[in-house]
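The following pair of complexes shares a single chain, subunit A, combined with subunit B in the former and subunit C in the latter.
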Partner chain A sequence: MTLLLLNALVWHILLGTIALVAIASLSLLLRGEVLNIKWLKIYSFVGFLAFLGSWISGGYYYATYYGKAVKPIILATSTPWIHTILMETKEHIFLFLPFLSFVALIIVNLFPKEIESNGKLKQSLILLSFLIVTLGIVITLAGISISGSVTKKF
Partner chain B sequence: MDWLTFIRIGHVIGTVLGVGATTFAEIFYLKFSKDGEINPLEHDVLKIFYQIIRLGLVILVFSGFGYLILWRLNFLGPQVFFSDRFMAKITVIVVLLTAAFAINFRLINLKVGSAITFVSWYMALILGVWRKSPLSYPVIILSYLVLIVITYFVLEFFRNRISSKPK
Partner chain C sequence: MNARIKLAESIIFSAIALVIYIATITIAADLLPALKESLKNTFSHHWIGKSLTSAALFVGLSLVLLLIPFKPNPQRITRLLWILIALTILSTLVILGFFSLEALLK
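Coming up: the complex of A and B.
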């Protein structure tokens, strides 16, 4: 693995975790009656940017290295479903996470006052952030399983 | 300092903050509940503990991913990633995160939530330290569930004892 690919993998993981923490913080901030709009904007911005960064670095690693170097190793193990099911699922969920976080970013930045006054909008934003965090945790667990299946033996 | 040492220090700090703040939050909550109400000052003190718990959790998660990255880069494979101890630790952390969310959004009873949080932090500590644990995943998880139930009743016992004391 080249230094560039190594960095792509490490940043994919780190930025994904930063995005998850930011979106989880966003949903926690939305609990109160009086909202801290400044921090809502910061968390939604950080969440979106980090997802985007994780998307680009993970995408590069996947497109240039995973298919030819990692996938055959996993398929040769006794648990090929880690690629055929988990990786395939992860790959598809991963595609739309930056878009979901972009929706959250747009809502927070364009309708800050409405979030406070409109209960339904606030509820929808909480649900959206819940969805992002839940999907994020699911693909994180899938990522851990994928990393755990890679050995030098094959 | 190498990466492993740096990550290990971070993991220990995260665990210490989480376990310590959870323990003291519970002790102070019991102490503050003596008069049947939590005044604004007491509320502020508890709030600080909850912030430290959150900080500990974030440090624990990031340093945990640091370990995962090192394991992946060193090709440690299923022996480490799919070990009973590690899978149990991941389960406990996911439960801890879920409980933290559920408490904040009042989706579960606060008393149940605090028993889950309390036991989860200690479980994460024990699983982190007990590296050669011979216990299987089901045994660890079953013990975890039993401990949550026991802790719930122990905390309930102390709450009742404190509230029944003359003011």
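Coming up: the complex of A and C.
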């Protein structure tokens, strides 16, 4: 693996984790009675930007290296389903995350006062951010399984 | 206020269309090798093709909806968010179910 690919993989993981922490923070902050609008805006912006970066860096690694070098190793192990189910699902549901976090960013920035006064809007935004975090955790766990599958002895 | 509501509605509606599109293109490209090959030939990799067409659909549809005249409705924002959440969960389960079934049948 070249240094560029290694960096792409590391940034994919790092930015994905930063995005998860930011959206989880957004979700927790939204649960408060009095909302800190400034931090809601910061967390939603960081979450969106980090997902975007993770998408680009992970996409570069996946499209140029994974299929040629990693996928054949996983398919040759006793657990090929780690690619055929986990990786296939991960690479596609990841595509939801930058767009869902963009929706959260837009709502927070367009309706900061309404989020505080409109309970239904606030609840739906909490659920949206919770969904982003849940999908992010599932994707992270799939990523850990994929990495583990490549490095395990078989 | 109306402009903000219209912008939000356009973006959430585009996100709903995007979620449906991603689930559809994922399954269709796997079932139709010609589609997967066409994405690969056009964008160098099928996943890059799915990523770029998704982004184009989202941006394009958002702009079209912003230009189309319709009456913004603040109550619709919450409804659209719930639809987006439900369809994201459904699409995730459909994609997972599809690849699980495919792996089992191979």
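The rule is simple: the second predicted complex is superposed on the first by the 150 of 154 C-alpha atoms of A that agree within 3 Å, B and C clash if a C-alpha of one lies under 4 Å from a C-alpha of the other, contacts with A are read in each partner's own complex, and residues count from 1 in each chain.
In this section, contacts are C-beta pairs under 8 Å (C-beta built on N, C-alpha and C of every residue); 3 or more make two chains touch, one makes a residue touch a chain.
Remember, it's a predicted structure, so these values are computed and weren't measured experimentally.
As a test of reading the superposition: which chain, subunit B or subunit C, is in touch with more residues of subunit A?
C
One more residue to check, A:Val103. First (subunit B), second (subunit C), both or neither?
second
After superposition on the shared chain, which partner residues are touched by A:Leu5: those of subunit B (first), subunit C (second), both, or neither?
neither
Just checking: does A:Leu49 make contact with subunit B only, subunit C only, both, or neither of them? Give me first, second, both or neither.
neither
Does subunit B (first) or subunit C (second) touch A:Ile37, or do both, or does neither?
neither
Please work out whether A:Leu127 is in contact with subunit B alone, subunit C alone, both, or neither, and reply first, second, both or neither.
Only subunit C; A:Leu127 stays clear of subunit B.
Which holds for A:Thr84: it touches subunit B only (first), subunit C only (second), both, or neither?
A:Thr84 sits against subunit C, while subunit B stays out of touch.
With both complexes overlaid on chain A, does A:Leu75 touch subunit B (first), subunit C (second), both or neither?
Neither subunit B nor subunit C is touched by A:Leu75.
Applying the document's contact rule, which stretches of subunit A touch subunit B when the two form their complex?
6, 9-10, 13-14, 17, 21, 24, 27-28, 31, 77, 79, 126, 130, 133, 137, 141, 144-145, 147-153
Under the definition above, what is the set of subunit C residues touching subunit A in their complex?
4, 7-8, 11-12, 15, 18-19, 22-23, 26, 44-45, 47-48, 50-51, 54, 58, 74, 77-78, 81-82, 84-85, 88-89, 91-92, 95-96, 99-100, 102-103, 106
Which of the residues in subunit A end up touching subunit C in this complex?
The contact residues of subunit A facing subunit C are 55, 59, 62-63, 67, 80-81, 84-85, 88-89, 91-93, 95-96, 99-100, 102-103, 106-107, 110-111, 114, 118, 120-121, 124-125, 127-128, 131, 135.
In the complex formed with subunit A, which residues of subunit B make contact?
Within the complex, subunit B contacts subunit A at residues 58, 61-62, 65, 68-69, 71-73, 75-78, 80-82, 90, 94, 97, 101, 104-105.
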